[in-house]
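As written, the chain order gives the labels A, B and C, with residue 1 at the start of each chain.
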């Protein structure tokens, strides 16, 4: 097996807040290889956006790396100096964000911004950059691309702006594309188009794609492997089919049961997971999901480890037998 | 349990103000400002106890003397103790400022709320009124009012209030217009709350904050205004001591003594600096964006 | 059949301000036609799902029903009475017997008032006597499963889920007949959105409520609504019992919406695109059937002629020249 492009090892991230230290990520391991589409799925507070920000080196000022490393190719991303980090972020790692409305500056044209995004590509002139930009717009499905280059972001709809954001991310030919909730802010018909686009782009894209989402449907449509996160930990990782058809962790199972799109019968009561996410400033010992788990017992009082049921499938629960 | 998972701090309405004062004090400029403002307030409140002499007592034999043991700030052109006049001048300055700003705030708040939330035609009329009022050159306006009502402190307060109203009203109106579209106002309308209820209970408490900040930043401006008008003889009538009138007396006596001019000008400068420093430190302390950054 | 709510030919139209630049480049539309000619009924004890994407007008429809947005045409009849006129006063009775739950639960609570005060406010506004304010607030909080201590909290001290519950409690304060819920699960995690919906269902049974649920989430609305109304560009395009609409949608847009929803099952990936193009701007409405620009079944007549909203015997309706079978 080829060396993974991206390797997150034992990453722990804290946030300093007036309420105390928020343990947003705890001992997270994750890998992505070229040609793969990885999904990171979880609900609020699970840390998926923190993980994405950490990989792209975009953590806010009050974040602290308590432990672990992020290796990208041969670099230890977190320990590079500021300049090197910026270069990495501009050239090798690209990110698409949730909100297409704020991804672009309102006072510059799309063309100006797309050319600006290529600023790290020394050796090609402005005219060529413009051509590349135009070609990329066509590739993401924007008709009349040449006209759009001279237009402003506010003249485009949300769906179109998200496409342009994807175009901007791909312009640098990054080895890693991270999409943080790429379709959450879009209407369902536009969401379908973006999913379709990402799938088409993937075919001739050589790098790795990481998709962060709380929507199981989006993950199911696009990903090869999935990491399920809960309260800052990876609780299950598996190939896409295993996650949806043979989930082993109680949280994954419960989450799937709650998705209304998976419910066949219209019952009187919709399933939920009782309780609330734990307070990340004061975590319990032992399994972090135990308070809400219907299978909890005494063995859950100790911290759980990832148990592998096959080469690529593991769950953080003592009930799982290899 | 609120979502402590997010690294952003929740805005805390009431606690913010106490925290703001603490932050203002942490800032050296704010601390200095607070010290100056406190001094002026103390002088104004306890002038009777603190002033060494009667500020109105004339003693022509000792006019325009420089600073001495008997008269720390010297005497003015009529032999009155300058220091006592400065101390009582603080009372005038603060008194005029607080009353006129208070009046202007009250009227501006109501008019701004009505303009912002009321029918469009009323808004049009009120905005016209505000624009007209602020278009008047103040000196001429004062002269006009004085001609009708006669000079004096009361007229002064009236003039300053009227001139300040548009600024406050416009601020309140802008805030109201913005809040009018909020979900919570729509929610109140869906419960069939009437305009009076919405304005007084739901809009007023939410617009009053910036108004208070603006008003506190206005205090030094009004002090200057009062001094300026008094200097021109359009403010408090002599012999009532006002920093502006001390300045005027000093200006006339400049060839004989520089002490008086400085005595009139210095408290003005200090007051303006003090209130401005404090006001800015408080405003920064209350600014939610600066709070959220967490570090400073 | 005596419907609880009857809406006939409702339109909402905002005039666009005439700016200086309009002299040089006159716009085609001088009005923002947000809702066009909407007619529907809500029966007693029924839950109607109002489904649509951005620009569909669904939220505006809910607001127009309560008079929060003035209607430019059409009639509203509630509980046997016609609403005459557009003034706030005309809606007084309606606002006492119907209540709304807003999409952003924290933003819809007045920030400087405590929860307890907010819960008692409907009584004060409508002049209903309240023996003990504290008891009333506690009773309402208990109804939605929140502890009595929450009466002392301010809106910003509530989580999204808690604020939603307060919104439900407030809506139910005066025992309404109808509740309009605007995106009741927006912002909630999948594992907890069932809580609020289950609560709404339970309260519906206990108090005999009727609901209009505005949402863009088809999977969800399937489980809570009896009938569905699909909206596009301010018009109703399909109306019918939920099960029927899901099983056999008749309007191509409904079909496209159902197909577009991503399925949480990797074995059932959709390879082709359900629908192309973007939602047109309401300032630039397409001619004829307004969906024709994106409809894969569009024919010549669709471009030229606008279809009627034809109701059949069972009350289902579709706005299409060639409805799907």
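By our rule, a contact is a pair of C-beta atoms (placed from the backbone, for glycine too) under 8 Å apart; a residue touches a chain by one contact, two chains touch by 3 or more.
No experiment lies behind these values; they were computed from the predicted model shown.
Chemist: Just list the two chains that share the greatest number of C-beta contact pairs.
Modeler: Greatest count of contact pairs is found between chains A-C.
Chemist: Please flag the chain sitting at the greatest distance from chain A, going by CA centroids.
Modeler: B
Chemist: Can you give the whole-Å distance between the Cα centres of chain A and chain B?
Modeler: Comparing mean C-alpha positions, chain B is 53 Å from chain A.
Chemist: So how far apart, in whole Å, are chain A and chain C when each is placed at the average of its C-alpha atoms?
Modeler: 32
Chemist: What whole-number Å value describes the gap between the mean CA coordinates of chain B and chain C?
Modeler: Each chain's C-alpha centroid was found; their separation is 49 Å.
Chemist: Mark out which residues of chain B touch at least two other chains, giving numbers and ranges.
Modeler: Residues 1, 3 of chain B each touch two or more of the other chains.
Chemist: Got the chain A residues that touch at least 2 other chains?
Modeler: 44
Chemist: What residues of chain C sit close enough to touch chain B in their complex?
Modeler: 63, 66, 68, 88, 91-92, 95-96, 99-100, 102-104, 107-113, 121-122, 125-126, 154, 156-160, 170
Chemist: What residues of chain B sit close enough to touch chain C in their complex?
Modeler: 1-3, 10-13, 182-184, 186-194, 197, 201-202, 205-206
Chemist: If you look only at chain C, which of its residues touch chain A in the complex?
Modeler: Going through chain C, the ones touching chain A are 53-54, 189-195, 197-198, 201, 216-220, 222-223, 243, 256-257, 259-267, 269-270, 273-276, 278-279.
Chemist: Where on chain A is chain C touching in the complex?
Modeler: These residues of chain A touch chain C: 43-44, 157-160, 187-193, 195-196, 214-221, 223, 240-241, 244-245, 254-256, 258-263, 266-273.
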